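What follows is subunit A paired twice: with subunit B in the first complex and subunit C in the second.
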Partner chain A sequence: MSSKVIERPTDITVPATSLWAKLPVIAGGVGALGTLATIGMMFGEHKERAFFSYLFAYMTVLSVALGSLIFVLIQHVARAGWSAVVRRIAENSAATLPLFVLLFLPILLGFGHLYPWSHESDKILEAKRWWLGADLGNHSMAKFVLRAAIFFAVWVGLSYVLRKRSTAQDALVEDKEKRNTVTLSLWSLSAGGIFLYALSQSFAAVDWLMSLQPHWYSTIFGVYYFAGSMVGFYSFLALAAMALQKGGMLKTAITTEHFHDIGKFMFGHTVFWAYITFSQFMLIWYANIPEETEYFMVRMEGGWDKLSLAMPLIHFFIPFLFLVSRHVKRSRVGLAIGAIWLITVHTLDIFWIVIPNAGAHHGPPAGAAHGAAGEAVAAVGHAPHLSVALTDVTAFIGIVGLFLAAFAFLMKKNAVVCIGDPRLDESLAHENF
Partner chain B sequence: MGAIATSNNPTLPQDPNVRGDVILPDPVEGRELLVRGNLTFHQVTEMVVAVNEAPLLKTPAPFVFGLLLAASLMAMFVGYVMWLFWEGPGVWGNNNPVGWAWDIVNFVFWVGIGHAGTLISAILYLFRQKWRTSVNRYAEAMTIFAVVCAGSCVVLHTGRIWLDYWLFPIPNQMGLWVNFRSPLEWDVFAVNTYFTVSLLFWYTGLVPDFATLRDRAKTRWRLLFYGTLSLGWRGSMRHWVTYEKAYQLLAAFSMPLVLSVHTIVSFDFAVSQLAGWHTTIFPPYFVAGAVFGGFAMVQNLIIPARAWLGLKDLVTVRHIENMNKIILLTGSLVGYAYGMEFFVAAYSGNEYEGFTFINRAFGPYWWSYWIMIGCNVAAPQLFWFKKLRTNLTLSWIVAAFVNVGMWFERFVITITSLHRDSLVSSWDYFVPQTEWFFLIGTFGLFFTLFLLFIRFFPVIAIAEVKSVMPEADPHFGEDHGHGHHDAATAGGH
Partner chain C sequence: MSTTTPKTWGLLAQYESPREIYKACEKVRDAGYKKWDACTPFPVHGLDKAMGAPPSTLPWYVLVIGICGSIFALSFEIWSMQSDYPFILAGKPLLSIPAYVPVWYEFTVLSSCLTVFFGNWFLNRLPQYHHPAFQSKAFERVTDDKFFILIEAKDARFDADKTRALLKGTGASHIEELGD
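Coming up: the complex of A and B.
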């Protein structure tokens, strides 16, 4: 509660000499290379794995962009004061979502390889046709595409308006009435936006990840993907804010207090992820119903068991004990280590969700479906042995590169902080106590 | 403090019965002052303790009437429980296949209500929601009493209640142990821990306020009563430092407890293999529902109380609006869970899952399902509109609907899943016998405790409210310099 003098930041544009200015070209080049190489390999010998690698990389990076979107929505709805200095970062990373529409096309290309329900049939899959679509024979993916179009419309629409109005506000520093109107309009937009987001994000997780194992179902799955995405996003936010300062921007505006708060959210969402993941695992393990245990059984063999058993340790206990300390969260080095660690384990988590399905043998072949539900699900698939394929690396580098390029490109276009935000002063003065 | 904190406060009317109800525009720049009427610290104290310091014989008649009503319901409850002991749980409608009914419904209902208290005191504290200081004492008291009611439901539903101590793992010559693999046993530990920590948290916050009452005491019994409760508090710097540390630690301990208790309550159902009970979203869904129901109960209690006790300057319409927003959020979260359950039941292609949910909505208990949806999902949607969520009468009515809806949610989960299980020949229609007395009786217990709390304990956390007032700022009253922005961190929604 001190009365220290707060100065509005002036280092708010990307300096032409900084790495940030070159990032769109560098990351864009590397990203395009990685993505094209992966797409190339989708026509090669290991094309099936290439599609799964691509989906894994796509869902990992998408989770950060989606996390950015919900972060911005929440900040507006909660009228958050602390976050005004870092909100532009998230506005820009959310505004990369149109890129993901384009990047979705290879997934459609691999539709038949990725999703067993596109070409298999048994009694359970037939009972799911009303939602999944894709009748056997004509490989119709109309419903799948239609739903994806709805999800993208929500995400792209929201992220576009949030960024557009916020950057327009930058010019309204002097016009108090107008800039306050902008903030109020974003506030009401965000309240509804959260609801649309919650539904679209959940069903996207069902469509794109849960249906990889089409017999399996879990009501918490949408929340599970959300929890992971928040871990990824807050870690990204911490690193991006540090990188901005390294690049000569917002040197005094973003303080230890803001990093401390971001660190608290990283910590909190790590716990939240563990809570959701444990709830899903524990209930399925305890009830031990074959329809559900299938998901964990394929991940308890062929090397995946080691990753499965390591997950609680690397994705919960280690970051929990590390980030629980105030000193770590308030130290740049400590927080950076925590953020890199969390992004890594979050990536592993999505890897663990997607890759065991690559080349897995699902259920009995189409002709052998005998009707009885029990028989069909009894035939649990087997995952390929845990390994990292070349395409996993190329796809990941590719999509991360394109995402960073788009992100840096957007950062360059406007001020890197919401300079017209009425709550900027409060954010600049923010203190934990 | 200065400009940022006050820039949105236009002049308010002088009448303290009116100005707390004035709806102010949503602040964009700066934060609205949390306490209205430019009160001094002393005025705040006077305002809160007025009801505690009224002489016993001058207790207002409506209060005495309310207490007598609640106490007679509680007396009825005691009589009912004696009869229950004598006859056994056969006095309930429980039978095959519905072997677990209102007893567990009441338990989950009351435990859920408790959660808002912990959420307000712990989670809103950690999220720096300073408006919580005006409502946290109430909500914490509600938590304690709700858990007492929940505990009574569980303790009484075991049948041979004289053997209830078997719930604890006590070494015995028979070598018999409780079933540690049962979530019912986890409940024993979870609820006890929750009750203990909530009680400590509540009491810790009360100590400085008890000391205030002690220092103002004019009669011998007051001096002894509040003197004992205030544990020798003198308000020294050292006391405050210790107090703040203890408070923050208890808040941090309470935060996982908010989640763990209702998570374990959800496990009571979800670890089974029964369609309608076994679903992975249960833990977060139960927690959201608990917070939802708890906030509704806070609204039901605080909207009348702030008017009767003359606390409108401290609990303003902004506080009510904020809580309504939480009700809208958590109500929509439970709506999401209902929807997701229904969707996945259909998506799964599992005919038993599908049947259970169709049966819920369109089977013999269809009315309970639609009461649940109407009260929990539809009613809170009114709060999208500022006009409606700042309307105090409507807020109270919606909150009452939510309480009804949340009770029915547990009814729907428990009874509709059981009454038509996989064995068609044992299907039955559950009808309660004497359970109404059980439910009403717990309300008697709850309101007796709550009215006594209002009469004798400070219902607002006096010390905490003062800490978010402008006077608490070390630079209060100083003339601020020009040409720079001063740091404003205290106060605000």
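Coming up: the complex of A and C.
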């Protein structure tokens, strides 16, 4: 309702001279090098750690891609107007999901090293085997692969259609009737898509992360991974939008108002993450049952205790107090610091979930005679001392590089903003109170 | 003793659309008025900017009282569990911060929310049972489909004729003088 004239952006393609245009090659090269080095080390002396490093990097970067997908779905379902100028960024980062199908193969290679249930047996594991799969003896991972295939089918399918129809809409700027049909079709697709996403994302988190400690269980684990993924995604979105403007795109289209809103989401999901994480911890701490406390026991020794105790501070109190101010969210520098901080602590969070399992002793329980609880306690191993291995670094650089390369490649292919979106004008004129 | 000439409280101007009142607000702001307000049937985006309204001080009240509430809740729990009524629950140590967190968190939220609610009343000078604008028959449609600007006579720049001319120049469809 502002009286200023709304100008549709014209700087909507990646300039050939900007870093964005070279990113697919540069990031792709570095990424391929890092990933191949890590895969090479999967056959070397420290192969076990290499697999865990790879899983850590994979799940960290995957969380951003998955966060992008649910963001786009929510924007369509909520018929959000404000986000039309930044939705194409998320559409493209979600459309990198096919890359993660390919990158999943090394995890299958390390299946026997990563997941204790692939080769161990006791009462608890046998009771869970109807879901987990992998009959002892033949190391069958058929069910594990089948489930992964279903998850990927949902994610790749949704992200493909969302991007495909949205980019097709770019050409329909003049045809109001047709472009509205596209938006309405994405609206109904997203309504169903959210259900599929919620289920597949939760089950994937349980399959790929929670089953690293198969005796342990937490019913909130899927939401925990989701909360972290949203923190990672919104930080990525803020940085990507700033990088686009640095690269000479959408200079006037993305305003402080949009960054303010992205900052609010970063702030909100930091609180959400803390709420979920603490809910998971407090119930386990209070009940104090051996098969539940295992998860925190291995993380309260060998240097991990320091990271465990630092987490509430670095992943909640500091970013909370920093981002609570409207002035910080409306300042580019403030928001960039917040985003880099949150991406770092989110990475540490996934590191904290995955790496303590590397090299943990998961041998057959010694006290098998003591019943189920005794077995669980006996099966608790000791985490390796907190340290950063070479493979952690190579895997992280590798997968981040490949992700950025695929993302920049997709950004180059079409306009960097949903120029045909019927809500673009509303987004351009967006103002906060 | 009543004065013979009725005192003027201010002027009321009516506008027909959000666009008109937005532009009118910009003009009143640029003319340098301070004691005035705009009333609309629904929130008009960016109107506070057009009015040149300073940012609300409410967040500062919420921050201060929220932090106080937070500190109070945690200290109260520690004091009551440690010294006032030490009681071992579920075999946990007396000082068990994780068990205090839900109440600590909820009390922080509660004190902040109550500050937002009552601070809003306080800063808007509510409850207010009467306002000079209620004399106007036209003003009744502020909750329906009309938009209004009120300029108080207390404003240093207020001048019955000049202010009326200014409002007329902004395209007001109806101007009314309000008695005190």
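Just so we're on the same page, the second predicted complex is superposed on the first by the 416 of 433 C-alpha atoms of A that agree within 3 Å, B and C clash if a C-alpha of one lies under 4 Å from a C-alpha of the other, contacts with A are read in each partner's own complex, and residues count from 1 in each chain.
Keep in mind that, in the parts below, a residue touches a chain if its C-beta (ideal position, glycine included) is under 8 Å from a C-beta of that chain, and two chains touch if they have at least 3 such contacts.
Everything numeric in this text was worked out from a predicted model, so none of it was measured.
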Worksheet item: Here subunit A is shared; do subunit B and subunit C fit on it together or clash?
Response: clash
Fill in: Which superposed partner A:Y286 touches (first subunit B, second subunit C, both, neither)
both
Discussion item. In the overlaid three-chain picture, which partner chain does A:K176 touch, first (subunit B) or second (subunit C), both, or neither?
Written reply: first
Worksheet entry | subunit A residues touched by each partner, larger count belonging to subunit B or subunit C | B
Discussion item. Between subunit B and subunit C, whom does A:R326 touch in the aligned arrangement: first, second, both, or neither?
Written reply: second
Worksheet item: Is A:I276 touching the first partner subunit B, the second partner subunit C, both, or neither of them?
Response: first
Discussion item. Taking the superposition on A as described, I'd like to know which of subunit B and subunit C A:F317 touches: first, second, both or neither.
Written reply: neither
Practice prompt. Could you point to the stretch of subunit B, among 225-233, 297-305 or 315-323, that collides with subunit C in the superposition?
Written response: 225-233
Response to the item:
Check: subunit A residues flagged as touching subunit B and also subunit C 1-3, 282, 286, 288, 429, 431, 433
Practice prompt. Report the residues of subunit A in contact with subunit B in the complex, numbered from low to high.
Written response: 1-8, 79, 81, 123-128, 130-131, 176, 180, 183-184, 187, 191, 195, 198-199, 202, 206, 217-223, 271, 275-276, 279-280, 282-284, 286-289, 291, 373, 422-423, 425-426, 428-431, 433
Fill in: Complex contacts: residues of subunit A adjacent to subunit C
1-3, 278, 281-282, 285-286, 288, 324, 326, 429, 431, 433
Discussion item. Using the touch definition from the top, list the residues of subunit C that touch subunit A in their complex.
Written reply: 18-19, 22-23, 26, 43-50, 59, 63, 90-92, 98-99, 101-102
Discussion item. Per the contact definition, I'd like the list of subunit B residues that touch subunit A in the complex.
Written reply: 1, 4, 26-31, 256, 259, 263, 267, 270-273, 278-284, 332, 336-337, 340-341, 344, 346-351, 384, 473-475, 478, 480, 484-490, 492-493
